[in-house]
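Here chain A shows up in two complexes: once beside chain B, once beside chain C.
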Partner chain A sequence: MKITRRELLTRTIVIVLGTGISFKSTRGVEEEKNLVMCIIPDKCIGCGMCVKACKIENKIPVEKPISRTWIEGYEIKIKIPYSESDVKKIVMNTSKNPFLTYKWGDGEHFFVPKLCNQCQKAPCVRVCPVNARFYTAEGIVLVDKNSCIGCKYCVTACPYGATYLHPDQKVTDKCTYCYHRIKRGFSPACVQACPTGARVFGDINNPSSEVSKILREGSVDVLLPEEGTDPKTFYIGLENKFIVEHSIATGEEINE
Partner chain B sequence: MNDEGDIKKKAIFFGFVLVVFVAAGIIFYVFYLSPPIEKTYVQKWMEIEASRLPQYGSPELCSKCHFEQYSLWIESEHHSSIQCENCHGIGMKHIENPYDGNYMPRIDTSREFCGICHESIPPRDESSAIKTVNLSTHNPEYSCILCHLPHRT
Partner chain C sequence: MYVREYFKKKIGRISLPDNFLFYIWLFVLIVLIEVGAYGIVQIHTKPIMPTQPFESYAGVPWRLLVATYVFFVVSTTGLCIVSSLGEVFGFIRLKPVVRMGLLLALVTILVGLMIIGLEIERPFRAPFAFLAHVNPYSLMFWMIMFYALYMVFLIIEMWFILRDDIIQLSIRSPSSLGRFLYGLISLKFLEPVAGSYRPKYRRKLEHEFAKVLGFITVFVAIIAHSNLGAVFGVTYLPFWHGPLMPIYFILSAIISGAAILMFSSIITFWARGVKIKGKIYDSIQMLRVVLGFALVVDLFFIAWKFVSKFYFPSPVTKEALEIFLYGPLKINFWVFELGIGTLIPILILAIPITGRSVKWNLAASIMTIIGIFVLRYDLVIGGLLGKSISGITYQMYSPHVFEIMAVVGFFALTGLIYTIGIKILPILGTMEEKTGRGE
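Let's look at the complex of A and B:
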């Protein structure tokens, strides 16, 4: 077999460039995920399994009233004129369940599970003086505990009250969507523990995932949209409750 | 004239070969020989965070050994939405050391434990997503699992 000089040259060039490009492309490609959580307060029964599971999974002192996720129980008396004493909020953030012992009165009752909203424009990331907070490729905000100096700027900056000073480690701590679990292919501890499916977790870039379907179909809210934090924790069916609250606050008539 | 043309051609050829070899050398260096770029604090922390061992496993892991119980539970009408470790306790250490008695999951069969979800309180009764009972009046002396089998309800 005879090869001309020109052929040899072109072939070597093609081979060299081809290998280079193929190496480059295999290195650069990584699945882009955008992980979000969707919370359906209507399904929450206030059992506190998520709080317990989160605290055990992340080794947060169980009996101390700090938690990465917590449940707020509301009792709202629908009355005009509105006063602040008509809204009662009970918080569960230890293993003890206060909802079972609380003397519930008349009015509207519901539970709202809360956690770090994993904002895409997070105030805590912006204010951190040592750049200990950062975004991962999945859009999760993490705290580098080796760099954190525990100054608590982020605690005051967070409008959701989702970050706190860890009592033992003396650095700030918050929900990571169980980063160590999702990297192993498990779902976050609170999502797995929820007995009624009030928490749904998944990749919003994948149109066939459960969370994408729920977000397409339901009416979606975020907490405190006026803060401009662009959260990634969505709430489904919250508007009915907030219309009630809003109309109480503004003194409008409520049509039941 | 002919000689000069030959030399020119040869010069161009060797020039080409040189360029190709230099390019190959650079690509080889970049992908194989160059020292790894030192990790930033952020990358280091992401590795530390991802390397933490979970405490909770998952029902799929439990099913690898306890398949009979798993198949009963997964076909149950209501409790199939509750994961194993909610009632049986954390199991990741038991999954890793199945025969170590220290890590055996313990199950809480007390009335209070069932009451965490099934105690009757106003917010639950309004939504009626689950069945609720008043624990203080509903057969107070008996254990729940005497009548209600958790894996079959």
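Let's look at the complex of A and C:
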């Protein structure tokens, strides 16, 4: 079989290109991750290490009552009719821990850590007039701090209250799942700091990861499902449906 | 003018310049503008504002300045609609105040866009951002775009309406600078025949063109304004959410526009010493009809909105309205919005004795303007206070002193631009001649 020089050259080019494309596509499959966070309120003890770790890692003013992640302590006495139940809420978002000084009554009480829900249909991305918010390949919503004009529409639009205006940078800011850390293979700062494992972070496309197991086995909820935001932060075994279904505001906030 | 005569009697021998009150007015306005500028600079240089998220702190993201912005753009839309009634839709009795309405619409849209430009946290970024990278899904983007478009159309429309008179001014102006500038503004050199004579068909053509442009302008104004309503209406906040928000904005725009036009035309006529009678009186009476009608419709709107949200109270909607009915905004709602802003003006305008009196009309229009301003404030702040994701009952907000200073400054700026506009543009002059001669 005789091969002309031209044929040889074409075949070589085709083979090189083909391997290149196939190599690229396999690499793409490998990189396709779907990162989620699971929060297990049962395990949260309200120590506030996640809040401090997040603030230090992301350079948020520690003593100002703003935070990318915060802990809500609830004290609920169920009454019938349900909407007249006695709900009290205490929020920890600085280094000071109000749970230690609060006098807990005899109602049911528990802690719920909260953070940006990384919605797949995020209201903040939709409403931003200048495209300062966008989704990454992992499905994480980020803020482009060089584009944000500070109109605060996203703060108004977020149903979870997870976005805020950074007082020093004068642009909006929110949790990024510590994108700078997870890109390097670390876990987010709050996950690393949690002493009880109430926050679990991982890739849901990997069936052997811890989040996959938890999501398969536990009873999974998201906050405010009626808003249709498709969050990526899941809550496992949330005891009280108050927080999930209504998040109603019949109680008082106590900030001490 | 009564005031000037009074002062002359009091002060006696000291000779005052003829228009010294005018200079005092200008001086006061400029001082107030400086106060406002100080406030704005302070807002942007010192981190005084509550910047917290809802969840964890009592702070609201949209505050007094946003409410003022909404008030201004509502006013501009309303003024445009009311002026178009006279100019485009054949409410001939409104003719004497049409130009004033258009001038006010222009002033309020300029100041309104200035307010929102200075309210955002990064004022210098915004113009470039809106040119470079925009999100077509964002209603806020379309709102700004349509308001900008509306402003352009409004300026062109005004140019066509005023052109003939500006050409006359450019011929009659005593100073050569004035002649040059008026000639430049009106593009007089495009005229085929020099001199004061202009063929009738050209004037008629311009007039027809202005009518068409007026129609387009009011259309764009309503699009922009309903976009603003939708900016609020699409959010999940229970007080704002709903498809009726844009419609409600258009309706309240008519109230705002009619009241402001009534107020400023009466004040302007008094300040310029024009007697309010004849056609001018008729135009004020026409405004009375428009304002009264819009107020009555608005009353039903408010009533059924509250009833429909309170009839089967879900916890969320109930809480959103409790803020108004017996929450932190109860005085604003019952006294200012309903009492001073709606019911008393309706009574004043409806009762013949008060409705036919210009002074009572002025009182009604002032009350309505106050009511509308409080209504805007309540709409913005009240919707955000009811942000009921968490266990918070009501959040608290009271305007910072720098914000109040800024708002005062913006109102003074509106007054200043309007005064200058009245002085240099043929808003009143030709009309005085036209209507004064006939009587």
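In this section, the second predicted complex is superposed on the first by the 202 of 256 C-alpha atoms of A that agree within 3 Å, B and C clash if a C-alpha of one lies under 4 Å from a C-alpha of the other, contacts with A are read in each partner's own complex, and residues count from 1 in each chain.
The working rule: contacts are C-beta pairs under 8 Å (C-beta built on N, C-alpha and C of every residue); 3 or more make two chains touch, one makes a residue touch a chain.
All of these numbers come straight from a predicted model, not from anything done at the bench.
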Task: chain B versus chain C as contact partner of A:V14, first or second or both or neither - done: neither
TODO: Determine, under the contact definition given at the top, whether A:P129 touches first (chain B), second (chain C), both, or neither.
DONE: second
Open item on the list: Going by the contact rule set out at the top, does A:G73 touch chain B (first), chain C (second), both, or neither?
Closed with: first
Open item on the list: By the touch definition at the top of the document, which applies to A:S147: first (chain B), second (chain C), both, or neither?
Closed with: both
Open item on the list: Once chain A of both complexes is superposed, is A:P65 in touch with chain B (first), chain C (second), both, or neither?
Closed with: second
Open item on the list: Contacts for A:W104 in the overlay, against chain B (first) and chain C (second): which applies, first, second, both or neither?
Closed with: first
TODO: Could you give the residue numbers on chain A that contact chain B in one complex and chain C in the other?
DONE: 147
Task: chain C partner contacts - residues on chain A that touch it in the complex - done: 64-67, 70, 72, 74, 83, 87-89, 91, 93, 114, 123, 126-131, 147-153, 155-157, 159-168, 170-171, 224, 227, 246-253, 255
Open item on the list: Looking at the complex, which residues from chain C come into contact with chain A?
Closed with: 47, 51-57, 61-62, 120-122, 125-126, 129-130, 133-135, 137-141, 144, 231, 234-237, 315-316, 319, 384, 387-393
- [ ] Report the residues of chain A in contact with chain B in the complex, numbered from low to high.
- [x] 5, 9, 12-13, 16-17, 19-20, 23, 42-43, 45-49, 53, 56-57, 59, 73, 97, 99-100, 102, 104, 109-111, 134, 136, 142, 144-147, 176, 178-181, 183-184, 186-187, 189, 192-193, 195-197
- [ ] Would you mind writing out the residues of chain B in touch with chain A in their complex?
- [x] 13, 16-17, 20, 23-24, 27, 31, 41-42, 44-46, 48-58, 81-83, 85-86, 90, 115-117, 119, 121-124, 126-127, 129-130
